[in-house]
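In what follows, subunit A forms one complex with subunit B and a second complex with subunit C.
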Partner chain A sequence: MILNPSQKRGLVGAAILAAVLITIGLVVTYFGSRYQLRLVYSAYVNLLVVLAMQVFMGNARLTNLSHSAFMGIGAYVAAICVTPVTVKSISLPDAPWGLNAFSLDPVSSALLAIAITAVLALIVGLFVVRLTGSGVTIFSLAVLVIVHSVFLYRTDIFKGNQAFFGIPQVFSLTSIVILSVFVVFIVRLFRESRWGIQLRACADDEVGAAAMGVNIRRLRLIAWVLSAILLAVAGIAYAYFLGTISARPFYFNHVFLTLAMLILGGMRTVTGAVLGTLLISFGLECVRWLETGPVLLGIDLPEVLGLSGIALGTVIVLTMALRPGGIMGDQEIEDLVLKKQE
Partner chain B sequence: MEYVAQQMMNALAFGAEYALIALGLAIVFSIMGLVNFAHGEVIAVGGYTMVAFAALALNNPFIVIGGAIAAAILMSLLLERVAFRPVRYADPTTGLLTAFGVSIILQNVFLLAVSPRPVAVTSLYFLDWPVQLLGVQVSSLQVFEAVTTVLVIVGLMLFLKRTTLGLAMRAASLDFEMVRMVGVRSNRVFAVAFMVSGLLAGLACIFIMARRGSVDPHLGFNPVLKAFVACVVGGFGSLPGAVLGGFLLGAIEVAMLVLLPQEYGGMKDAFVFGIIALVLVWRPDGILSPPTEKGDKI
Partner chain C sequence: MLNVENLIVSHGPIEAVHGISFAVDKGRCVSLLGPNGAGKTSTISALMGVVKSSGRITFDGADVSSLPVEARVQAGMSVAPEGRRIFSNLSVEENLVLGGATRSDRTAKDADIAHWLETFPILGERRDQPAGTLSGGEQQMLAISRALMTRPKILLLDEPSLGLAPKIVSQIFQMIERLKAQGITILLVEQNATQALRLSDYAYLLNNGRIVAEGTKETLGQSSALMAELTGIA
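Here is the complex of A and B:
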């Protein structure tokens, strides 16, 4: 395979990001406490989500808010498949279609989860690509609500807001670091691929791109489904580490959180997605600590619930007002290191 | 027969509420292309104003209603001035995400400053009593709702068609640059759009509060979500579309409540949104979307 210059630069950039991610992973593995390990793990799950969002939102520049729903589908399918029959007979006694009478090994569960999410995303995507601009946003919002109400309503399969427990712990921090490195490369290469470039061209000038023979709907569908597949991967990683899942983490709060991450870093670049996730994950932990009302410099601060929400909202509003392109704008990390492309 | 008439009245009342909110969203969208997610929080501000009045022992209904509407209008104007002015000429995604951020901030401010739990407001219960209309038992609230929405639509139409400012606003939705060139102050056009939007939010707030009797930080979220869907179905930015979408949504929702068997009750929203999705497949830009020519603007 012959790579063009921007793809080679893309590989360099992805390698730099991968090095950063691996370094953080190593530091935490050797020096972090159990609690910190969990925090970093969930930050990496969110990183996978934000990278997956970047595939569709960053290249097609359409706002999608249903990402948490697809992550939830991936997580639930994998969880239902992988949980041992003995546990499921207690947790899901009324499950239909013999869902509590079988279990698969983690790899085939994950593959099945990805396949089911991809098929659902394809069906939804056929509708999405017909819409434009704000229509996509509202439609994806409707998808989020539909999926969430199915999770809540079918308590016999998903247990609704109660915890779906007993998922064996398959992943460790090492596995998700490796996974995130893979995903960074996939996302970056997609951005620099033929499809990625054509999609970004559509976002800049839809009519112009169509006149040059770009099949906009097909490209958006490809990006949409790839994004959903990566979201399913994130959901699987979430379920395989935590051991319990419920419907709540796959709804609006998570949508806002990941959206803020993507926006802060800059949705147009992969570097922005990584940077935003790291900044907000770290910043939010500090805000959460303030929220509990700690003693700081001898002053006993009051407990302020809702501070993290205000901080997230402020980050979004300020980024949009001051730097709509996010911190990175159109620059990838290698643009800061390598010489400018001629 | 009476059952059918009652359900039709229900559909009309639901639809009227959605249409009120959807109009408030559409008028802002038509002028500045902003998908205003913070509209629900404007409604919630009205609700919290009622709480404040109750705490001050002001129970005169005219003061409570007037105060809530005034608070919603002021809030809407404030948001325009503080949050949306910096992103006025930005692309739609930027505006949408800003509105999202504003919405999260306000929800958490309510949570922090008042309470995460619902606060009861009893001052509007007097609006609701059973009435006989043509031999059918309905709630007075539903009648008020339908009548108010009709009055609002007529009023808005007169304002847009008969006044200079209304003309400027209609022109602004087509070509804002041109409107500025002929000497209309853009700040005034935006302010009026947000004022009308706030007024509609205030009216919607009265009816939502009269029905629910309590306010919590997420008061406006669900109604506005539905109203967005109504806007999209009707054709985003089209005012008749917003009204049509609102009433259509109300009708579908009541139809789902009546037709779905009891055990599927929890799935109502899923079915409603599913049907809406099918409408969008038929008309991707909404039923009454204005014909657009892509690539027209440079």
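Here is the complex of A and C:
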């Protein structure tokens, strides 16, 4: 494969981001406490989600609110497949279609989960690509609610708000760092690919792009399905580390959290997605600590419940008002680094 | 090469083009002249398949009337649309990549991009800049280069002089003349009749969605009051 100059720059940018992610991973692996390791792991899961969102939202510039649902589908399908029969016979005694009578190895389970998520995303996507602007937002919100309701009320399969337990914990921090590096490269190369350029052109001027012979619907469908596949990967990584999942983490709070990450960093760039995730993950921990009413500089601060929600909302409001393109705008990391060298 | 018979274009309930017929022969430059609202852009959009139309459009011997845009581009039709419509958030180079959206021969495409960046050094200098930062004339050069990225058999130019300073307009027309000399068939849509007629082999005068006159620059020159108005002689 021959790469054009902007794709070569994309590789440089992705490599810089990968170096940052690997460094954080190493530092936490060697110096972090167990608690910090879990926090960083969940930040990396969210990073996978935000990168997946960037594929569709950043390139097509359409708002998708159903991403957490697709993450959930990936997580649940993998969980149902991989959990040993002995556990499932206790946790899912009434499961239909013999779901509690088989189990697969983690790799096959993951591949099956990705395939099923991709097929569902393709079906939903066929409707999504017929819509524009706010239509996509509302439609995807409805998808989120439908999927969540199924998770919540088909307790015989998904256990609803109760914990779905017994998933083999085959992932470590190292696994997700490697995974996130891969995904950073995939997402960045997609952005610089022919498809990525055409998608961004459609976002700029739909009629103009159509006149160039760009098939907008096909491209949006490709981005939608790729995004869903990466979301499934994020869901699987989540389930394979924690060993336990429930319906709640794949609903509105998570949609809002990841949306804030993408908006703060800037959805148009991969660098923005990474930066937003890191900033909010770290910032939110500080806010959670403040929430408990700590003693700071000799002042005993009061307990403020709900501070993290306020903080996230404020981040979105301020970013949208002051810098709608997010911190990065249209700049990728190598734009900043290479410019300094000149 | 391009034959249009009884083309009707409607935007919702309003019929903008009421059944026009015209032809563009291979290697020629034909212009479609007319004032605002004459139906020029509607005609171009219908030719490319961007808007629905009825009537018969044959190109290179094949009926393309019912083909989607991509297929028409692949058949060899390409447009530099009205108002340039460059993608302002994409870089100059990415705009050119996009022009070749329907092509799959990568190496040749990259060579074409390099060719246009060399032909227009100003575009070469700004290859990584967002195209929105270019001046109007530069954007028009980019729009035309982008249209040529498909290596079209016919190039449709929709008001290339729109909103440009007179000096820049002359430059753009010089560029079109060079393209014509290279043997590219051109359908030029213009309000600027004087400049357009100078390099056209044949011209049609369009008003209120109908062709009201046609001929070579000599015969059409000052044939009607409308023509006089368009050329600014009246």
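Going forward, the second predicted complex is superposed on the first by the 338 of 342 C-alpha atoms of A that agree within 3 Å, B and C clash if a C-alpha of one lies under 4 Å from a C-alpha of the other, contacts with A are read in each partner's own complex, and residues count from 1 in each chain.
One rule holds in what follows: a residue touches a chain if its C-beta (ideal position, glycine included) is under 8 Å from a C-beta of that chain, and two chains touch if they have at least 3 such contacts.
Predicted model, so just to flag it, every value in this text is computed and none were measured.
Chemist: After the alignment on subunit A, I want to confirm one thing: do subunit B and subunit C clash, or do they fit together?
Modeler: fit
Chemist: Please indicate which partner A:306 is in contact with in the superposed arrangement: first for subunit B, second for subunit C, both, or neither.
Modeler: first
Chemist: Where does A:142 make contact in the superposed view: on subunit B (first), on subunit C (second), on both, or on neither?
Modeler: first
Chemist: Figure out whether A:152 sits in contact with subunit B (first) or subunit C (second), or with both, or with neither.
Modeler: first
Chemist: Considering only the touch criterion stated at the top, classify A:279 as touching first (subunit B), second (subunit C), both, or neither.
Modeler: Touch status of A:279: no partner.
Chemist: In the overlaid three-chain picture, which partner chain does A:111 touch, first (subunit B) or second (subunit C), both, or neither?
Modeler: neither
Chemist: After the superposition on chain A, what angle is formed at the C-alpha centre of subunit A by the C-alpha centres of subunit B and subunit C, rounded to the nearest 10 degrees?
Modeler: Once the structures are overlaid on A, subunit A sees subunit B and subunit C at 80 degrees.
Chemist: Between subunit B (first) and subunit C (second), which, if any, makes contact with A:207: first, second, both or neither?
Modeler: both
Chemist: Quick one: classify A:324 as touching subunit B (first), subunit C (second), both or neither.
Modeler: First partner only, subunit B.
Chemist: Now for A:132: first (subunit B), second (subunit C), both, or neither, which partner does it touch?
Modeler: first
Chemist: Report the partner of subunit A that touches more of its residues: subunit B or subunit C.
Modeler: B
Chemist: In the superposed arrangement, does A:287 touch subunit B (first), subunit C (second), both or neither?
Modeler: Neither: A:287 stays clear of subunit B and subunit C.
Chemist: With the two complexes overlaid on chain A, what is the closest approach of subunit B to subunit C, counting only CA atoms, in Å?
Modeler: Result, nearest C-alpha distance in the overlay: 8 Å.
Chemist: Is there a shared patch on subunit A that both subunit B and subunit C touch, and which residues make it up?
Modeler: Touching subunit B and subunit C on subunit A: residues 205, 207-208.
Chemist: Note which residues of subunit A are touching subunit B in the complex, please.
Modeler: So the residues of subunit A in touch with subunit B come to 61-63, 127, 130-135, 137-139, 141-143, 145-146, 149-150, 152-153, 205-208, 256, 259-260, 263, 304-310, 312-317, 320-322, 324.
Chemist: Over in the complex, which subunit C residues touch subunit A? Could you list them?
Modeler: 45, 48, 50, 68-70, 72-74, 79, 81, 85-91, 93-95, 97-99, 101-102, 106-107, 110, 127-128, 130, 146, 150
Chemist: So in the complex, which bits of subunit A are touching subunit C?
Modeler: For this pair, the touching residues of subunit A are 2, 4-6, 194, 197-198, 200-201, 203-205, 207-215, 330.
Chemist: Can you list the residues on subunit B that touch subunit A in the complex?
Modeler: For subunit B paired with subunit A, touching residues are 29, 35, 83, 86-87, 90-98, 100-109, 111-112, 116, 225, 228-229, 231-232, 236, 266-267, 269-270, 273-274, 276-277, 280-281, 284-286, 294-295.
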